[in-house]
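Here it is, the structure in full.
The first chain written gets the first letter, and so on, giving A, B, C and D; residue counts start at 1 in each chain.
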Amino acid sequence: MISALSMIAGISTAAPLPVAAINWHSVFFLLFAAIACGFAVAVVAAENVVRMAFYLVLSLGATAGLFFLAGAEFVGAMQLMIYVGGTLVLLVFGVMLTAQAPLVAIKGSGRDRVLAGFVGVALLAVLLQSAFSVKPWRAAAAGMVAEPAATPIGMSLVGVRVDDPAGGAPATNKRPGYMLPFEIVSIHLLVVLVGAAYLARAKRRKTPRAIEVAASVEPPASVAEHASIGRERQRSGSVLAGGRS
Amino acid sequence: MNSVVASAVPLFGLFTEPVSVAHYLVVGAILFVSGVACMALKRNALGVLMGIELVLNGANVNFVAFASPYLQGEGSRSLGLDGQVFALFVILLAAAEAAVALAITLNFYNNHATVDVDRADDLKG
Amino acid sequence: MAQMLDDDPRIIEFDVRTDEMLVNMGPQHPSTHGVLRLVLRTDGEVVSEVEPHIGYLHRCAEKIGENLTHRQWIPYTDRMDYLAAMNMNLGWALAVEKLMKYQVSEKARHLRVLITELNRIASHLVGMGAYGLDLGTFSPFLYAFREREKILDLFEEACGARLTYSYITVGGLTADLPAGWLAKCEAFLEQFEPIIKEYHALLTTNAIFVKRTANIGVMSRELAIEYGCSGPVLRGSGVDQDMRRDGEAIYTAMYDGYAFEVAVMKNGHYPRDHDYPAVPADAVLGDCWHRFFVRMLEVVQSMDLVRQAMDRYSACKGPLGEPLKLTEKMPAGDAYLETECPKGQMGFYLVSDGSAIPWRVRARSSSFSNLAVAHELCRGCLIADVPAIVGSLDIVMGEIDR
Amino acid sequence: MAEFLINTVGLPDWLAWTVTAMVAAALILNVIAGGALVFIWAERKIAGRIQDRLGPTRTGGKFGWLQSLADGIKLLAKEDLMPDGADGMLFRLAPYVSFCASFCAFIALPFAFDFVGQRMNVGVFFVIAVLGLEVFGVILAGYASASKWSLFGAMREAAQVVSYEVPLGMCVVVPVMLAGSMDLVTIAEKQAGWLTNWYLFHDPFTFVIFWVYVTCAVASVNRAPFDLAEAESELVAGFHTEYSGLRWSYFFMAEYGSMFLVSALAALLFLGGWNGPVPVASLLGLSEGTGDTAGYFVRLLGMANLLGKATLGVLIMMWIRWTLPRLRIDQVMMTCLKYCTPIAAAMFLGAMLWQVALPGGLVPALRRPAGEIREGWLPGPGGAFALPSADAGKVAKVNP
């Protein structure tokens, strides 16, 4: 799937064909849209949290393909690298650390699912209605290839707008560069990551409650036969929650 | 030649018709709705987190759709570069948000040995 | 590092606390030497407790010893520490000779020193190569075995076997050296000299090797003595003890007149009998690096001993002398003797009721006590350190399980 | 090619384009498959030579060159086991995710002037991004194998690859800054000519950053001293312990694929891509444009040049693997955070200042009289904010 992603998409942006024949841009749009929406729904439907994470990876990968198709190459690559390559790896780490046997597949009750389905469909209807009410925009002239957006984006982040004003807006008004938000986001990221690191590695003083919980769970006397430990833990859920089960 | 298909979108017809911004908006809407449903449905804290990621991506698709050089708005102005830069900032902040959310989830897991959202009922953390 | 947990028990520093896992390393694990099973209690990467399980290679050698005469039991001693079978044979033979107060000929004594020191070189080569394997590099293992093959060829010529020789027996040796053997042995020592520097370059002074071994599994003198460790493991912690010098009369008599220094760090430096690389800055006395380094020094030291033994052996004329008869009667009583084997002090104890068949046989294994200290050293280390520490103890399961 | 299929062969238009796409994909796949075959044999031979032994000699011909084929057949014939506790779907999918990520990065890799799957304006960025996706295959394999050891291996490798992406990204930015564009073809073209035009020798900072790049590349591909994931002495075989047969060979191909990719990237970014140390083509008066066959010959020469450099890089990785012991996981992380990242950042700063101080490079700068104000220092049209000249034409005037 990923291999189809940009290789074919790239070809489509390179040399679009006369409209009468197959419009490759639309074909790949349909392909990636189908993957993205299909796996997004699969995320909702899946029970096992690890499978949900995997479906999410596929869905966001397909969204990156959509960005490439829409001419935003830099954002597509950014999505692949930061979002799928960074954030989702972090998410999968979280899943791995907490995916103990009983927690992996928590079933939602039937009533919730029906309710959520109903609300979802209603919200979807509203959104689709508004999507189609948008006045039909002029599709791209055949054979037009957008010039690369990487340098204009880079320059705009430094505050110098070099891209030509789009959509017939009057060229006179000065469009703002993104120097300030760029600096704010970088500081924000720094603060957030330091905070997250601190939260995850906090030095814990063994609270009395934790001592009592640990005491209630009979520690395996000596390092007994490994298999028996495994079976006994299966029955009583995870060792830590022993006190409660 | 560029008559965009009216409300009903015959998918098989689309192979020869150019894509319009409405199609991108549909994809954005579906991602957004599945994100909201996921947040509502999942009892696992990480499931809720994945719902948030989907919602953010739905928004990103719309941003990029309006900013796409291939789809120039007749009636209203296309976003031009701003749309792409906004999408960039959404991606960056989503990374930060995921980091903090995961730190909180793992800490919750440390203290309560479970990430089941329904178990998080007592305020004393 | 995670080595020293806080002294205040109430404060526990931990990352995101995952569930404590019981993890099984072995018995068919590629890095434990032979069939040793280590059960690790780990929290994430940090190992909180190690418990070795042994007995997978137990063959009741001692019980069988009660039905065989002293010379018939020699092949069983071969299979205890199969990497240094000559030293094992010597240990048992000397114990029986001590009980019978029998004195072998001087020529046999020098030949015994020659052969056992050669076997020590071969054993340390295996130790060095296997330790490289534990830390992830494959090439030194093959360089070590290339040299060991040459020593095994020499043994093959002397006694016919390459691993379980039964060459040294009660009352002397089964056969004298063939003609031209000494010249071949001299040729081997000649070409082996520069290769030692290769090993130092490959491992001892290799930056990553030092990073993986220096200050890891540090064992204090008291701990080493308390657990009864011996050999390079003991000398690696700075305890100056070597049975070849401090042993019993019958054993040290073999080595009198030989010039050799015990390879131990005395007041800050090792004996300067040859040029060896300097001790790295962050290597603490008693860590894995020092145990490894002591073995490398002993290889060079044994080469000197082999040369001296060759000169003395060729100096004394006359026949080698026949070993005792198979069913030679032993006087009633018991005897215990410890000899300096490559892995440590290997002790043999036998009780005789006057017949040729001992009433009770017992072997004290050096690797057994060396391994016992492993759970002390591995507490609080990382998982990748466990094979590094267990590898530095250079244990052989055959000797532990007997 | 598509036009050829449509006009002469008369295929329907959509089939023609699909066939063209498939041919391009097959060519790239063969680069990896062929590369993997050669490298399997080369690894055994080099390992042998380093360990003072011969390596394979009898399988097929004198130098055992059929050894890779023998391995391939063995892997095909081997039964694809799956542990019972394993999560079926993820266990089966993991190797393909890993291989796809490695294969996908080759799309943006140019072999000669226009021998490239898809010439992307964000080429370098795309390759680094997709390289980071390979970690998913590893994590899924580790989790799906339902064994503690595989999970350890997977977590270690994921942590290592994710953390080494930071210094790798920084090292890659320097050549991009020097060339002014992320397009791999432009970067390689800017290093045409003699050896001295390579970015490696552009200034001392890029020289140091090349070696930091090599370290990070070796670490992010999990080779040599950093191969924690399949540390046989601790974790048996890390995340792919439970794999056997064809599935295991996909992980193997993914590893060799990304090894080749990383060294090809090094060649492109720092060692002048397809421009050899000696510009043979320009010396003979040929260039891409001159004539059909001559142009084709120049491109082939360029491709051979790039493949040579990439293979050299892979051989060096193998050489390192068989000499150095393995680092511990915290030492690997420590080298990344304490050494690679700060050095990469400092060198990046240095390279930037060098570029501002001596825009034309060292030699022309030395010839200029010292006292004169550098044209690059003045803000304004030609000043520091000027666009790299190549793109100036296409983009509108800088509004003040």
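The working rule: contacts are C-beta pairs under 8 Å (C-beta built on N, C-alpha and C of every residue); 3 or more make two chains touch, one makes a residue touch a chain.
In this text, all values refer to a predicted model and were calculated from it rather than measured experimentally.
Taking the mean of all protein Cα atoms as the centre, the chain whose own Cα mean lies nearest is D. Farthest chain from chain A (centres taken as the mean of C-alpha atoms): C. Per-chain CA centroids place chain B at a distance of 65 Å from chain C. Put simply, the C-alpha centre of chain A and that of chain D have 26 angstrom between them. Our note on geometry: chain C versus chain D, Cα centroid distance of 47 Å, whole angstroms. Each chain gets one centre point, the mean of its Cα atoms, and the points for chain A and chain B are 8 Å apart. Shown for chain B are the residues in touch with two or more other chains, namely 106-107, 109-110.
In chain C, the residues that reach two or more other chains under the touch definition are 16-17.
Residues of chain D in contact with two or more other chains: none.
By the touch rule above, chain D contacts chain A in their complex via residues 13-14, 17, 20-21, 24-25, 87, 89-90, 93, 97, 100-101, 103-104, 107-108, 117-122, 125-126, 128-130, 132-133, 135-136, 139-140, 143, 151, 154-155, 158-159, 162, 165, 181-183, 385, 387, 391, 394-396, 398-399.
Chain contact summary for the complex, chain D toward chain C: residues 47, 50-53, 148-149, 152, 225, 227-228, 231-236, 322-331. On the chain A side of its complex with chain D, the touching residues are 1-3, 5-8, 10-11, 14, 17, 21-22, 24, 48, 50-51, 54, 57, 61, 73-74, 76-78, 80-81, 84-86, 88-89, 92-93, 96, 99, 147-152, 155, 158, 160-164, 174.
By the touch rule above, chain B contacts chain A in their complex via residues 1-4, 7, 11, 14-38, 40-44, 46-47, 49-50, 53-54, 57, 60-61, 64-65, 67-85, 87-89, 91-100, 102-107, 109-110, 113-116. For chain C in complex with chain D, the touching residues are 21, 23, 29-31, 45, 132-139, 142-143, 146, 202-203, 206, 208-209, 211-212, 382-387.
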